[in-house]
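Two complexes, one shared chain (chain A), two partners (chain B, chain C).
The block that comes next holds the complex of A and B.
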């Protein structure tokens, strides 16, 4: 009974402390929001990159270089904020300036279309060659027109995208040239190998070959030609197309800041010891263990309340889906808070004073957070760090919450996590009680 | 007066760096974070080289010559690390998030192509790793366009032959042979001399052929930027503790001006932050293989400017907070917000435009910009002067507010 009174009083004090509320409630919500916004755009749904800054230098005199450049500006991508251009294109006239801009990090990449781009494609470099666009069949051996791409090494994603898109556009141009070349080449070969001489009608048509090619190429352009043949259909994996990334970040940050507040709570035992209030309480008829359990119980209760408030607010404001298994969720919250509280009590039980408990506690919080995956995707850890990661409360708790929030799983799937967390809670609690017992008896 | 300021500064430096707690939180913790974050960020990428490759689950349910051609095209792409597997395995890996994307080539793909129909391949993206999968999508688009390009060339050859009239009266088999030969011709032309090719160069002014470790080159400056603030905010909080305990007042009894006292303390915090950042940069260079640039003067200027801005910010927070507990709570929250918004936790290129602009309103955003200029772009002193100037500007502003609002008792 007295234990409960002490616990309730401590909880109440905590929730009246504006600074504590800042760290317990505001901080995890704010930081998760920033994370969600960074990775997901508005509404925090997963969203691809758009508006990649790109410089295009078109040194070509002809029409084709212009076409090549225009395609970059026309490519669009479906983001969380609607359809957006994939690139934000700036035109420059000097290749050296463009490279400098990339080097200085003012843009993510630059594309250089060479001076003779159109000329090389039309007529294959042969001054006496055909006049038909792309008519390379009659010219000299074709030279490759080289489009140069320069990328910013400090970026990781956009260079790969710029390179692939440039190569896709180049392939589109190549397709047209090769198409004409093959059409004419194949025709010539067929005529040469034919058993009978061509009919007068065929001979007449051959005179109009350029026109026929132009007409067919125009048809090719209208139907988007090559892209018609193989279509790449895209779909997001998972049940929901609007995955809310905050489903991931809010549990992460809730656990991280939970550790801070429960460690702060258990540390207060030492503060009271130093200030003498603990010993004064012990002179009252209230038993020593009742006082201790009251303090620990208060921390536990504060942690539970903190988590519940975070679940409710994040559910209402950020629409975080906390899963459809309330019993599993409740048990997991209890197990997580119990494990964290016990660990905090254990740290307090062997620390010399509140200051030392603060140092050790903060260090444990930070190490657990980075190894347990509060700041990274724990699946991205190298293999040899995985066992180390599994030593942390954070890892077991996070995995459990993700199974419920992201995986939509139920109690049986998170039972191992709950069991491990309660096990850790019991272990640390027993150790802490033994140490406290020795501490206060002497 | 200068001597007094120096004495107070060195006294602060000595008391801080002889405390075990400082060593844990100033040196050990940031190095651990740099290492683990670096490892985790590196995980999506092949070690070392650029271009890097990204794993793509490849499900070939068609198993025809045509699907094999598409697969071969993907395997030739340096950005793709193709991993053939069953549909079930691929979908499970996507669901679980261990792969960012899967390409499913459905049964009937080859038959559809032979029949001259438009065929569809199925690209599944993991919603959790949308940016990685975007790279793979572009690679798949390029490979599909290449295959479709040869097909379109062969289609064109057949249509031209029809127009000319040489296929008049040909059997279906003869038309197919004509198409197939045209396709082979197109493939040969792709192989020997594609009319348009692209070359990609990552341009940097780094002279040494540094292999840029993608993970650590982000986490090394990132954690330096974040943990320097922990140090300077801690310094600011220590002023409040001294005020609460009355030692500040006691010091003021001595023949020291308020200004001298504050300047000494701030000098100590600034020097301490410089020591910390220098250790971080050295560890980044020698333990994590991050280049940290080729212009020591540029690096020194950046560290000085950021150290100044951080120290002044620590003072401002201390001046605005009423108690040490409040400074602590406000500090932790603002450091995490400043670090994440400024691009210390993840590359700023991946965030939406408005967040990228927001980073330029923060000292952390300018610091990361300057450090990236030095580390990955190998720029020199002249190029980072804007960043240095902005950081000093931030510092002057914070210092003015801090000095104005700071109460000694």
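The block that comes next holds the complex of A and C.
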């Protein structure tokens, strides 16, 4: 109970502080808005970007590869200058040439559709078994068709858009193909099992091919993931709201400024130690662990409220789409704030005083933001920095939020991120408790 | 002393090689004001920190209302109130919000919490400013709220660590009166200060602490007896050191003068009543052609006691 009293007191103090409100709420929204505007637009309905140079190398001779490539060229967005193609697509035949063009900065990205793309999706199978998706119609595992995306490492926003669009097209595309191939598989099975010429029922089935395909598509659509993927792909083909650049910037800045405010919150443990209120609390009949948990709880509660306010305001004002998986979003927010709070508490536990905690906290925040992708796409980091990036809270949080907001994915897709973040939270928390225990027992 | 509220026995606190408090023992009776008097760094705050559970004693123990600060510190915290030296409040929330928070930390809730917050605001004389943020208050007002926090749960003994440091005379007067009122209601007080006049005005008994050791304790009368009952007159003359010694020998013969001697270039005269002896002394010096450049009269007080015990002035 006293833990909650302390947490609520800290939350009240934080939200009464105009400077803190500026840092927690106004700054991330303002900077996101400015960055969005800097890229050519900030309106909720208008996409600030169009005509992103993109090379497509379609090595597939089949129909599906062609369809996949065409979708890129067909995507249009509302811009300040009217409806424009999202990508300026150039077709090449050589993968190596495409990569070279990307490396030279002549284009923002390249998409490579492999030669066996159609074959793998429609009729392929994995004779050796394994962990690939299982095709119930074929009675054997389904091979994965690998579409490769290459992006300009010096670009900030367009790589994320290209990857996101490719991912959504692939998700929606494969779901429809799987559904249809199952239906066709059922017909084939019926024909193969017939000793005599096709029976009237089979012929009737052939006549009802469209109906069967639709039924199968609907059945696959009943699963949450598939329904989501089909919807997202449809939205991309005709609508622009999911391409609002603020979908990229707001989560990024929200995480960045969350780190600042959380570090400020945990630093208050040391500030209270210096100002005497912590010692005064310790002269009351309140356990030291209750006090510490209350302080940490206050920071955690403040962080949650900060994020919720940012989600609500950015959704209402900037029409930022926070995805369509509220449970996943809620868990990701909880995990991110918990990890950041624990890291801040850990820093406070070994800092000599509040000033030192402030310096260390600021340094950790900035380095984490750079490595974790708050300023540049973490996938554009040099190979040797990628493992380091994975040590940051920001990277796991950024990836999770982008999967939900830009990727349109659901809970199963961000569960690893949530698990890692909660793991980091637990680890830092245990370390902080050990160090604080040594600090307070004199 | 029968049934003391506090008994400290051989308390010691070491920080590495530094022995901040050494062998401090004393008792406080129920309803008594006991002052720990000593210069900055003497060990007053460390002693209070051990008695309030903030620091674990290196050696020794203390019992408060029958509870050991070593073994039952949580029980101790139920019966004590603490007013720390610094303003331990949250400046950006109101006086009432501060008091409500601290009341909850003392385990109060509901109607009793509301009643005690109102009572504390009355004690602080700030009921009309209850909803104002603490950072809009003067230093004295903050001190009063700081004290009120320590009274919220009606403790049996309150520890006040230099509560008048850095405030204006009016607020200081008010705080001293508050301490007297609380004591009149039966609350025991452990009051630390380096202002001897506060210790003299408030205390039933006084402990003098220096370099972590309690070097004397007793009532004001008992302590001043240790330096005798004479007033001390310090005269600064325009003569050399040898002439001061010679003049002192002649002054010692005057009526009303108990003793006169030279010390550090000054002439020190002890007399039962300085006012009665001074006219004769000044007349004698004028007749001898000696000019008095400065003159200071000191009655027997805690300053003199401290000087007598340590060889230093309390404010050195």
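Basically, the second predicted complex is superposed on the first by the 242 of 442 C-alpha atoms of A that agree within 3 Å, B and C clash if a C-alpha of one lies under 4 Å from a C-alpha of the other, contacts with A are read in each partner's own complex, and residues count from 1 in each chain.
The working rule: a contact is a pair of C-beta atoms (placed from the backbone, for glycine too) under 8 Å apart; a residue touches a chain by one contact, two chains touch by 3 or more.
The model shown is predicted, which means the values in this text are computed figures rather than measured ones.
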Broader residue contact with chain A after superposition on the shared chain, chain B or chain C: B
Which of chain B and chain C A:31 touches, first, second, both or neither: first
Which superposed partner A:437 touches (first chain B, second chain C, both, neither): neither
Which of chain B and chain C A:371 touches, first, second, both or neither: first
First, second, both or neither for A:90, with chain B first and chain C second: neither
Partner chain(s) touched by A:67 [first = chain B, second = chain C, both, neither]: neither
In the complex with chain C, residue positions of chain A that touch it: 2, 5-6, 9, 12-13, 16-17, 275-277, 279-287, 441-442
Parts of chain A lying in touch with chain B, wherever the complex brings them together: 18-20, 22-23, 26-27, 30-31, 34-35, 37-39, 41-42, 46-49, 51, 77, 81, 99, 102-105, 108, 120-121, 136, 141-168, 170-175, 177-187, 189-191, 194, 198-199, 201-202, 205-206, 209, 212-213, 215-217, 219-220, 225-238, 240-241, 243, 245, 248, 260, 359, 362-363, 366-367, 370-371, 375-377, 379-382, 385
For the chain B and chain A complex, residues of the former touching the latter: 20-21, 24-25, 29, 32-33, 36-37, 39-41, 43-45, 50-52, 54, 70, 77, 79, 91, 94-98, 102, 113, 118-128, 130-132, 134-135, 137-142, 144-157, 159-161, 163-166, 178, 181-182, 185-186, 189-190, 193-205, 212, 214, 217, 323, 325-326, 328-330, 332-333, 336-337, 340-341, 345-347, 349-353, 355, 369, 372-373, 375-377, 379, 383
Residue numbers on chain C that touch chain A, as the complex places them: 52-56, 74, 77-78, 80, 82, 84-90, 92-93, 97, 101-102, 104-107, 149
